[in-house]
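Look for chain A in each of the two complexes below; its partner is chain B in the first and chain C in the second.
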Partner chain A sequence: MSDDHIDELIEAVLRQLKAEGLVASSSNLRSQADNSQTAGSHTHTNISADLVIDSDDPTTSMQRIIPGLENAADQDALVMLMETTTARIGVGRAGYRPKTKTLQLFQSDFAISQDALYREVDPVLLQKFDLFQVETMITEGKEQYLLRPDLGRKLSSEAMALIKSRCVKRANIQICVGDGLSATAIEVNIPKIMPVLISGCQSVGLSLGTPFFIHHCRVGVMNDIGDILEPDVVILLIGERPGLGRAESMSAYMAFQPRSGDTDADREVICNIFDNGGTNPLEAGAYAVQLAQTMMKNRGSGVKMRLSKDSER
Partner chain B sequence: MAGDRQIISVGIDIGTTTTQVIFSRLSVMEIARPGQIPRIDIANREIIYTSDINFTPLIDDSTIDAARTSALLESEFRQAGIQPQQVETGAVIITGETARKQNADQVLNAISQLAGEFVVTIAGPNLEGMIAGRGSGAAAYSRKHFTTVINLDIGGGSANCAVFRQGEYIASSAMRFGGRVIEMDNGRITQINRVGQMLIEECGLRLYPGDKPDLNQLKAITDRMAELTNHLAAGSTNFHAEKYYQTPPIQPVSKNHCLMLSGGIGYYFYDPLNIRNVVDINLHGDIGPLLAESLRMNVGLMDHQIIRPSETQRATVLGASSQTVTLSGSTIWADSSILPLKNIPIVRVELPEFSADNPQETGGQIQRELKLAAQRWDLQSNLVNFALSLDFDQALDYDQMVLLSTKMAEFMQNLPATLPLIVVTRRDYARVIGQTIKNLVGSRPILIIDQVGLSEGDYIDIGIPLMDGRVVPLVVKTLVFSH
Partner chain C sequence: MLLRTKLFGKNYEFADIRVLMGKANEEKSGDRLAGLAADTTVERAAAKIVLGHVPLITLRQNPAVAYDQDEVTRVIDDGIDSAVYEQIKGWTVGELREFILDDRNDGERLLKISPGLTAEMIAAVTKIMSNMDLVTAARKIRVIRHCVNTIGEEGTLAGRLQPNHPTDSPEGIRASIYEGLSYGVGDAVIGINPADDSYSSVARLLDMSYEVIQAHKIPTQNCVLAHITTQMRCLEKGSPVGLMFQSISGSQKGNEAFGISVGLLDEAYALAKKNCYPLGPNFMYFETGQGSALSAEAHNGWDQLTLEARNYGLAKRYDPFMVNTVVGFIGPEYLYDTNQIHRAGLEDHFMGKMSGISMGCDVCYTNHAKTDQNASENLAVLLTAAGCNFFMGVPMADDSMLAYQSTSFHDIATLRATFRLHPAPEFAEWLESFGITNQSRFTSRAGDATIFLNRTSK
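Presenting the complex of A and B:
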């Protein structure tokens, strides 16, 4: 095969990719390709070093609202419609199949979710916020954690001993952090919400317990913490189950004097804590402090608190 | 969970031609799903009383009879069975040419006992257009259909245009013309106002009170107004149109938009009269129905997708009654002792891009911007209440939020300790800024509210907190609601 022939083939492939919008070519090459198209003939191209065969990151919010559908009757309306939902609408199709861009976005989103689940929270972050680490009953890693939620709800005996030895008992507010199903959520939100919780509690005169990090954590572990440390309110910041492409969502579960046997009905939750779309972690922190005050005033949380509030009325 | 709270709201529209009243019941309730942080909003707007469409009592062609207007409104309140003190919010709008008449203040004085604590008075062509567009359903339609709607509200003396994109108010403009520029009785001209005179001259006609014009002559005049309407909707102008504009034209909007017509002319636009002769059009003593007909025949306007609004004639009064009040975000920080507050000017502070690695520089920039705002409004010497509207569109770090709060607290140090710090942000940061600033300002009252977008030059009224102090009602008197 002659060099000329190879060049010609590459040129043809590139042109095809460019036509599909998959190649971010240098303007130099683009104008050459355009020229060749208008001339209707194949021209020789030196494949320059600055050519990048790569597409833009499909997961940015800007990229997500570029319609794949061509010739929409009302392009503006389509974009507005796409902005209102995370559902994959307006993507168009290539024959019976999804477009390359649709598939790439789907695969990227899936990778984001997987990463969030299988990563471990950065130890540097835990150090920065003085969070020592304890384990639940999970001993065989993520697979077991996923298959055995019941074990993620109980602290190991070592954890219980460590907590007893290191933590202040009977504080007003006990803050705990758990990885849950998304390490990413913890890493992006903790630096923002922790200082708000701490300064917020201090400024309204609530005493703080010693915070720590729970590895392989499920929400139910709050009961064990309540049993051991007997705080008024436990706040557990925990990574939510990632959605497709949405890994940074965190919840703050809160319970008044949790004890073994308590269920979700006894707890409060602030969910969807993340920047740009959810409740931002700073405001969520300030609201959590307010909610903690309410719980202490009403001496209850969850359904019981609501029922007692309703009967007051 | 707290139950819903109901508010009675009044809308009073005193126009060039007609005066109308509508009472609405607004239901304020929790709309957040469990697990989300609270969100309180106006979940339901129910009309509980609609007045007749009364002619505005006039002493002569340019003076409203304040006493008779007041008596008219009192009788509407009686018929509705509503005491003035039951009314918690709403708006009195003096629209069209009437607003420019010298006795507008006199009228407002005369009806002041009818307007409750938090009923605001608004006039001004831009605001009128927006309120009419909210009342006609243009705003709601644009939200529901993910589109842009231009609402044209044309009454006796003014034509108001407002643009809504996906429920958000975008722009408005106004021209002085309407169905009542020429008044008629039984085929004979009884009165021509200044604008009518201009139109007649531009058409090369000679018409005077007492004349019996033929249909074609009048048609030439209403066709001319239809052309003006075209300019109004397109945001264009020329030598002639310029004379009718009361505001700058709107920025032209994208091609895919719908058109809605409201006001008295809007009514006949959708339900036309059968016009065979001059007498047919004088149903209301003016040339309004013929103007509607000219609009129907106008090629430029009919080129658009035309949508029928949910309300035509009563669009403005309905908007005034049910659409003027908005609620703040539901995690706010409010010292309720200073509320309610009226006519608070908005001082916009353009915040810099927060840099992650050079807080010193960002701090300096914030300080400068605050200082600039203070100079612009001469805050140091005026010493009146004002609200800082923080303009930033990025997610904040903890340190950045503290920096911002600190700079605002420092800024206030030079002002009297009794002057409250009022801050408005579009992004949801009110509670955390409040929590932080509270420790920095000592005894100074603070009011931090969010999820409201405001522009420099807006004025707001802030009402007494509702639902255990979790939200405050707001009336923005110059445009842009964000919610």
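Presenting the complex of A and C:
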């Protein structure tokens, strides 16, 4: 095939792609074609010997905000739309499929989410906030934790004894921290939310119980805590399951006087607590104090409480 | 009752229907968690053989929870069409399987026997069907429903646009809605999962999504998947609600943990028929998924597949526009890996169709399960072959609020192109008129969210 012929072919393909809106400018492809031509002229040398691939890290925040779609009707507006959400929009397409870069970013994020799963909360953090550690009935590590939610909902007998001996009973507010499905979520949010929760409660005159940390924790453990310590409100700060490339999201599950047998219908939750895009932990802390006050006023929590109130009126 | 078979010279005996139903399931971590799974693969095979001989009447007489103890059982049993039931009650589960697969029996014929079946019968036959049995049987059955538009017609595949946002920002959600619409997704529903269940936030999202629908004259329905009590409050106060949503469970106790009851759902349904803005007559949307009853310790010692079948029996009462299983949503404690998620997806879809409901699937997984996006894409292809009514459309399949991966806008477009399927007819027409498609093919406007920003250009 002659060089002229190749040029013609490339031009034709580019014209077609441009007409379909699949490429924005031809400059990139042209220079690649030029390179391969020069390389192709050394017929007997290894044409890949001079190849240098030094790809930018696609996971930096700068890279992530570059739209995949390059020929939007309103390109500036596209960037603005993208700024409103953590969702992966403005990505463009290759036919019906995602573009190569978008697909590979997804795969990279998936890989890092897998790594995040098996981490443990840093003991230094627990010391710093004076949180002593107790165990649930999980004894065989994370794999068992993942497969036995029933055991993650119950405190071990040692835990019960330790809690009884170390904690103030019948406080207004009992704060507990649990790793749940993300240690990272606890590490990044506790330093911010704890001070707000504590000072918030103090400022509205609510007494605080002795906080502690629950390893291998599920939401249902709140019932055991209620049984042992009998506070008015339990606030359980717990790591949510990790999302794609995001492990820092935490929830505050709350219940009024939880007791064994209670269900999620008796509880409430403030979710998606994280900085930069979620509910920031400072705000979430303030909101949790407010919600605790409401629970104490209503002497109840959850849908169940709302339903019974409805039937009263 | 004697439930026994010999297999390879050895006796396998099962104490009762409950035990048999558990052991006849394909391997699932949730059944293991509940202590119901077969001990060995040979025991599983034996259980399937015995189950194949069980007559349907026995299954009606042995529901997962007794009639007088459970309102879900009562809803299902009271709903049985006795004329149909009388004709089939003597069939064995094995005979039911062959009736379903018989090529002379088309979808209409299957839907004629559906009202004679209890959830336990549908669950039982599902247990003895292979994956391809489930695909081909479900493929025969079309369930067509109408709200603003029509879902389920032959040759169509719809998409729920799921534009969730970690703080429910109306601007952020609107941006994802634009993106999804530009890929031709949103015909099943524009359905937002809220991070905040408060009345004011939910009402705001209902208003915003309705405004988008009105501004661009989109023939579809909106929904905010808050707790149903919150949606009822919105509806009473005049919010524009297209579909009423609730997650349901297969036992009364499970529903109590979700804060609902049959009475409450009846009330919501009546309110929906009165106050939802679409033409209807189908106004309800339910989500289900294997493991939700066990997760609330409300499974009464029964396996997760049977509990799931009961979800569809309950859903049927409200003639829903759409129902979907969220098949890998909760995590590995119920469905451990790709195999288990695929199996459950095919089972649930078939059981929904066999129950006569408009069935879709949220093909999904969490990051703590042993699977990946390639596996999800596989299941979406399998379910499209099985004639699934709809899938989820999530930006790049990544739901950053719910923290799981589902199917993407691209996936729905790809499945339609690959299988030569179309969106809901009214919606397909709108896509043409809006210039997103031209003779069903994407134009250069497709995939561009900004085309919705300038309402005068088009």
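Structural remarks
Following the convention adopted for this analysis, the second predicted complex is superposed on the first by the 205 of 313 C-alpha atoms of A that agree within 3 Å, B and C clash if a C-alpha of one lies under 4 Å from a C-alpha of the other, contacts with A are read in each partner's own complex, and residues count from 1 in each chain.
By our rule, contacts are C-beta pairs under 8 Å (C-beta built on N, C-alpha and C of every residue); 3 or more make two chains touch, one makes a residue touch a chain.
Being a predicted model, the structure only gives us computed values, none of them experimental.
Touch criterion met: A:Ser203 reaches chain B, while chain C stays clear of it.
In the superposed model, A:Phe110 lies in contact with chain C only, and not with chain B. Contacts of A:Lys297 after superposition on the shared chain: neither chain B nor chain C is touched. Of the two partner chains placed around the shared chain by superposition, chain B and chain C are both touched by A:Thr279. By the touch criterion defined above, A:Val289 reaches chain B but does not reach chain C. After overlaying the two complexes on the shared chain, residue contacts for A:Ala265 are found with chain C alone; chain B is out of touch. In the superposed model, A:Tyr96 lies in contact with chain C only, and not with chain B. Ranking chain B and chain C by residues of chain A touched puts C first.
Judged by the touch definition given at the top, the superposed model places A:Pro191 against chain B, while chain C stays out of reach.
Residues 74-75, 77, 81, 84, 271-272, 279, 306, 310 of chain A lie in contact with chain B in one complex and with chain C in the other. Across the complex, chain A meets chain B through its residues 74-77, 80-81, 84, 191-192, 195-196, 199-200, 203, 251, 269-272, 275-276, 279-280, 282-287, 289-290, 306, 309-310, 313. Across the complex, chain C is touched by residues 20-21, 69, 71-75, 77-78, 81-82, 84-93, 96-98, 102, 106-107, 109-110, 113-114, 117, 146-150, 181, 240-244, 246, 249, 263-265, 271-272, 274, 277-279, 302-304, 306-307, 310 of chain A.
Within the complex formed with chain A, the chain B residues making contact are 1-3, 34-37, 145-148, 166, 254, 256, 331, 395-398, 401, 427-432, 434-436, 438-439. Within the complex formed with chain A, the residues of chain C that make contact are 29, 32-33, 163-167, 169, 171-176, 178-179, 183, 195, 227, 229, 256-259, 264, 295-297, 331-333, 336, 366-368, 372-373, 394-405, 408, 410, 413-414, 417, 442, 444-451, 453-454, 457.
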